[in-house]
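Both complexes below contain subunit A, partnered by subunit B and then by subunit C.
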Partner chain A sequence: MAPSSRRSTDDRLFRLGTGLFALFVVLLVAGIAFELFRSSRLSVQKFGFGFWVTKVWDPVAGDFGARPFIWGTLYSSFLALLISTPIALGIAIFLSELSPKALRTPLAFLTELLAAIPSIVYGLWGVFVLVPLVRKLQVATPDWMRKIPLFSGPPLGVGMGTAAIILAVMVIPFTSSVAREVLRAVPNTQREAAYALGATRWEAIQAAMRYGRTGIIGAIILGLGRAIGETMAVTMVIGNNPQVSWSLFAPQYSMAAVIANEFTEAADNLYLSALIEIGLVLFVITLIINGLSRALIWSVTREVKVKAPKAAAPAVEKAAA
Partner chain B sequence: MTQSGRRKAFSRFVEILCGAAVLLALVPLFFVFFYVVQQGFSSLNWDFFTKMPKPVGETGGGMANAILGTLYLIAIAGALAIPVGLIAGVYLSEYPRTRLATATRFTADVLNGIPSIVIGIFAYSLVVMPVKHFSALAGGVALGFMMIPIIARTAEELLNLVPGTLREGALALGATRSRAAFSVMLPAALPGIMTGILVALARISGETAPLLFTAFNNRFFTMRLDQPIASLTVQVYTYAISPYDDWHRQAWAGALVLVTVVFVFSVLARVVTRRLERMHRT
Partner chain C sequence: MKVSRFGFLAALGVLAALPAASQTVQIDGAGATFPYPIYSKWFAEYNKMHPEIQINYQSIGSGGGIRQLTAETVFFGASDGPMTDEQLKNAPGPVLHLPTVLGAVVPIYNVPGVSGDLRFSGALLADIYLGKVAKWNDPAIAKLNPGVSLPATDIAVVHRSDGSGTTYIFVDYLSKVSPDFKGKVGVSTSVNWPTGVGGKGNEGVAGLVKQTPGSIGYVELIYAIQNKIAYGAVQNKDGKFLKASLEGVTAAAAGAAKAMPGDFRVSITDAAGSDAYPISSFTWLLFYENPKDKAKAKVMVDFTKWALNDGQKYCADLGYAPLPKQVVGLEADAIKRIKL
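So, the complex of A and B:
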């Protein structure tokens, strides 16, 4: 065989061989989806859509309804975003627009460190530090406030509000770092144009934010995805009580928490299947949310990458991105 | 006040709010570190690293089994994820515009976003269900699946940092594509990739949820792949929700060890990445 044809065979083998490993990643996700569908069939067939609107969760009688869990997950994530979004955007704005250059890197590193703390450590801190603190706050709540449904219930310390606070802390670094990237991708001409029209600094920042708004929404949704999937910290402070309540003081439950708590106890197939169906929905929700947020973020940051010299020098592209 | 004066004052006000947001986010960071160090340091002793857990109700003992268990689980996860992630990363950087590369990048991001507890369910039905008992292998597989996308994307990114002229030089000298990739490009990117792998290992060692019903827990230590195994995180969880003070003490010590590991590797990664960026820029 001529050397050149041996080389092309070799190249084809190389492409095929490494490609198989890349394919493995694709198949892994497909496998997860398939397995979740397969293992939750029992519950899906038995309860159908009613599973998601029924409140009863009675493993002994074999009655399963996931409404308290989906409520708890959505409500806690929503509350967490309510707290985390203004803070995270403030951080992003400060770090990309306002901060002195010398402070920028260390501050960015510190805020991103929030994402590196293991969730079990947040949980431990929540149980022994935050929960007693919240309990004191609840005891000190005046009676007239306790009559409002939002603050009703006994002062336990654990509950929806505590979970939302911990979740907010955990979500902040994700939202802020992506929002910062988006702001950095906004062309400087946007700000300069605003200044040229006599805008103040904040008005110029607003112009930049309006330009990158899809990306910023993407950053917030990315945080939502993280909040919905968070397990350990929430399990340890939300109170693990399957009820649907508006109260911030009430102990409630979340989808991830019920899987974490009850999976090893699930004695029969139907019980296990019901828990896996909750896992399936968690999977589908996070899939949609992450896909959406990535598309939104990409629609803003992409334009910058296109402007960088293409194949010539990858290092430059990286530095510019 | 004039109209423009009011606008300027408002702008100043918002700027201060943004600065306050940064400080506000640093408050929980400081408090978590403070409590973990304060509570953990006073509970950390030699026994913690060398002794096995005492029977329920007795004070003393340590988490030697859980520390070894976490190292063992990480080894299994690494053995699975490092080769797969690395080679997938090589493919992504060598053939960046193929349809498979796009699909792989997309699914790697998807995999990264899947809640870890769901990965646990998958490992459960893949490894635990067929043999009907919890095992170290199941836990390692769950952690490994979580590591694959991180390693693949890190490898791709760092391989892309290596100047393409290196590959072209190798090809011009008659090297095959695989030779250029594995003997020229990969070694050039290796210091960065190694750091990325270390950070991934450190982060994964802090995972609890995917281990709850795969590796489960064990008050003893065994090297057997088909037996349940303790891990630092699950042990901290078990001890934290227990009613015993001595166990709470040990949970804090465990948390301190976890935070220290993650912190050290994050700083290390930071230093290495900056050095690499500076090297490639010049």
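So, the complex of A and C:
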């Protein structure tokens, strides 16, 4: 009797302790949200919702709007994912499915090493290597291409395209190592079943990816999170000009970059408050994206559940469609 | 044996007397990054002469310095731009501005085929930074640089992306010489630039200019000197083209000394005088006129007197322009306003 009751108190204590730690995270998020709201009150009151859509950022006149920064953050992150996702998934598939055993560990180590490089180093590499390269590419761009809005603007080297490339390089190790773990966790019976049905290697890999797709989407979202919050490397190559443009050559700006750049010298209350509101906007957008990715994962898993009893219940399939 | 015992006793006596004679004073300040090298030199040298005095300075930026001073979390502040009337109103007591050293901003450029010094006027620099002059072979540039073959390339404008005293000095000058610039851009540590790309810090701007053919930027004179970056001459108020030098910056301050306002909150850009370099500025220490901690105030007053006189000899080595004698004289009177 005594040992079992001790065990139950131990369990309760353990539960209480871990529960407190979990609660701590919730409190921390709530505290950050509260503090962001409180410190940006001045700017929220003055600009209201207009802050989200106004293009002007004029510290002299005290006129602030976040639209160019929101655009820059979302556009650069989206472009980065566009570049990094196929590469990262390619790496993951090669490492988990195709690579010879001897190569697997060193290659995995190298991709993960990319994740350990501090972002300031990426920034320096961007400034000294990538920017001149991109400028050469821009100069070589034929005139008819430069007329397309996607490639308009003078050849500066710095700009949206350069930022997207550097972000993609930073994101690749995150996405690829998580996707690799996901693929490795796919039971071998899945692949064996595919082969048994006469699938080619490519089809078997497709089946494995399909099985692990929630995890793979998670891996991509993790990369997105990294891209949205990245500050130092982006500010060094994006050109820091608050404008909304589709052009990959145009210097633009991001939310994290403007906070890092202007926070130290912001002496005026409204100015500081507007910068903190940018932080709030970033926070809200991160929440929205997290929510959307949850919804995406949820919809994918739901689809799997519906499709699984395919042969058994075609009526369910029809109803779902 | 006897001697050594005596020595031992004497040493004991000294040890016992030390804490009583010199209570360690620790003073905290925060503010501008631009004067940080000379301030830390001053604090270190002063500490050698007065080991009991320790002055800590955090170079968190002018804006941060003013904020911390207003919140009274530091004893003194430092700023590259004078506090605005509104900021002074928000402070809990009257604040005294004391100029300590001078700095200047120089235009740097990278124009293919041009190796010599280019000449700029204030109006021209303003038009370039407004985007109105967009090609290097624009007549406005050619007129000031006869005999220089200027290419027909676009001007890539580079400015600071981070809030900075350097930007403040530069746009303060451009706003003085160009009403158009004043109306469209104005003066602050960060402004809404109509054109161009932003580089972070002096090194960011210099890096972009070095790499981008056809670019123009602006950096602190110290930075250009220490990194051996070529820079252009700027036309001053008297019509003379001057390359920035420490003497030229001090001359600008001397020119401004005649009309120095009592609170030293003065901009010396576009100063009169044939030798005055036009894009020059003071940097200031900020004190409360009626500080709460009188002991610290006494120490800082003594320190400031030393810095403004003996301390000025460290300027040249670190690339700062020293204060002109007239200004030091005016400040000696102003320090008396601090109530001890």
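Note that in this section the second predicted complex is superposed on the first by the 253 of 321 C-alpha atoms of A that agree within 3 Å, B and C clash if a C-alpha of one lies under 4 Å from a C-alpha of the other, contacts with A are read in each partner's own complex, and residues count from 1 in each chain.
Just so it is clear, a residue touches a chain if its C-beta (ideal position, glycine included) is under 8 Å from a C-beta of that chain, and two chains touch if they have at least 3 such contacts.
Because the structure is predicted, anything quoted here is derived from the model rather than measured.
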{"item": "First, second, both or neither for A:Ile87, with subunit B first and subunit C second", "value": "first"}
{"item": "Partner chain in contact with A:Thr264 - subunit B first, subunit C second, else both or neither", "value": "both"}
{"item": "Which superposed partner A:Asp10 touches (first subunit B, second subunit C, both, neither)", "value": "first"}
{"item": "Subunit B versus subunit C as contact partner of A:Met236, first or second or both or neither", "value": "both"}
{"item": "Subunit A residues touched - subunit C or subunit B, whichever exceeds", "value": "B"}
{"item": "First (subunit B), second (subunit C), both or neither touched by A:Val26", "value": "first"}
{"item": "Touching partner for A:Val127 - first (subunit B), second (subunit C), both, neither", "value": "both"}
{"item": "Common ground on subunit A, meaning residues reached by subunit C in one complex and by subunit B in the other", "value": "127-128, 236, 260, 263-264"}
{"item": "Parts of subunit A lying in touch with subunit C, wherever the complex brings them together", "value": "56-61, 127-128, 131-132, 135, 154, 156-159, 235-236, 239-242, 251, 257, 260-269, 272"}
{"item": "Residues of subunit B that touch subunit A when the two form their complex", "value": "4, 7-8, 10-11, 14-15, 17-22, 24-26, 28-29, 31-32, 35-36, 39, 83-84, 87-88, 90-92, 94-95, 100-101, 103-104, 107-111, 113-122, 124-126, 145, 148-149, 152, 157, 160-164, 176-178, 181, 203, 206-209, 212-213, 216, 233, 236-237, 240-241, 248, 251-252, 255, 258-259, 262-263, 266, 270, 277, 280-281"}
{"item": "Contact set on subunit A toward subunit B in their complex", "value": "7, 10-11, 13-15, 17-19, 21-26, 28-29, 31-32, 35-36, 39, 86-91, 93-95, 98, 107, 109-111, 113-114, 116-125, 127-129, 169, 172-173, 176, 198, 200-203, 205, 225, 228-232, 236, 256, 259-260, 263-264, 275-276, 279, 282-283, 286-287, 289-291, 294, 311, 313-315, 318-319"}
{"item": "Of subunit C, residues touching subunit A in the complex", "value": "60-64, 66-67, 83-84, 86-87, 90, 154, 156, 161-165, 185-193, 196-200, 204, 207-208, 211-212"}
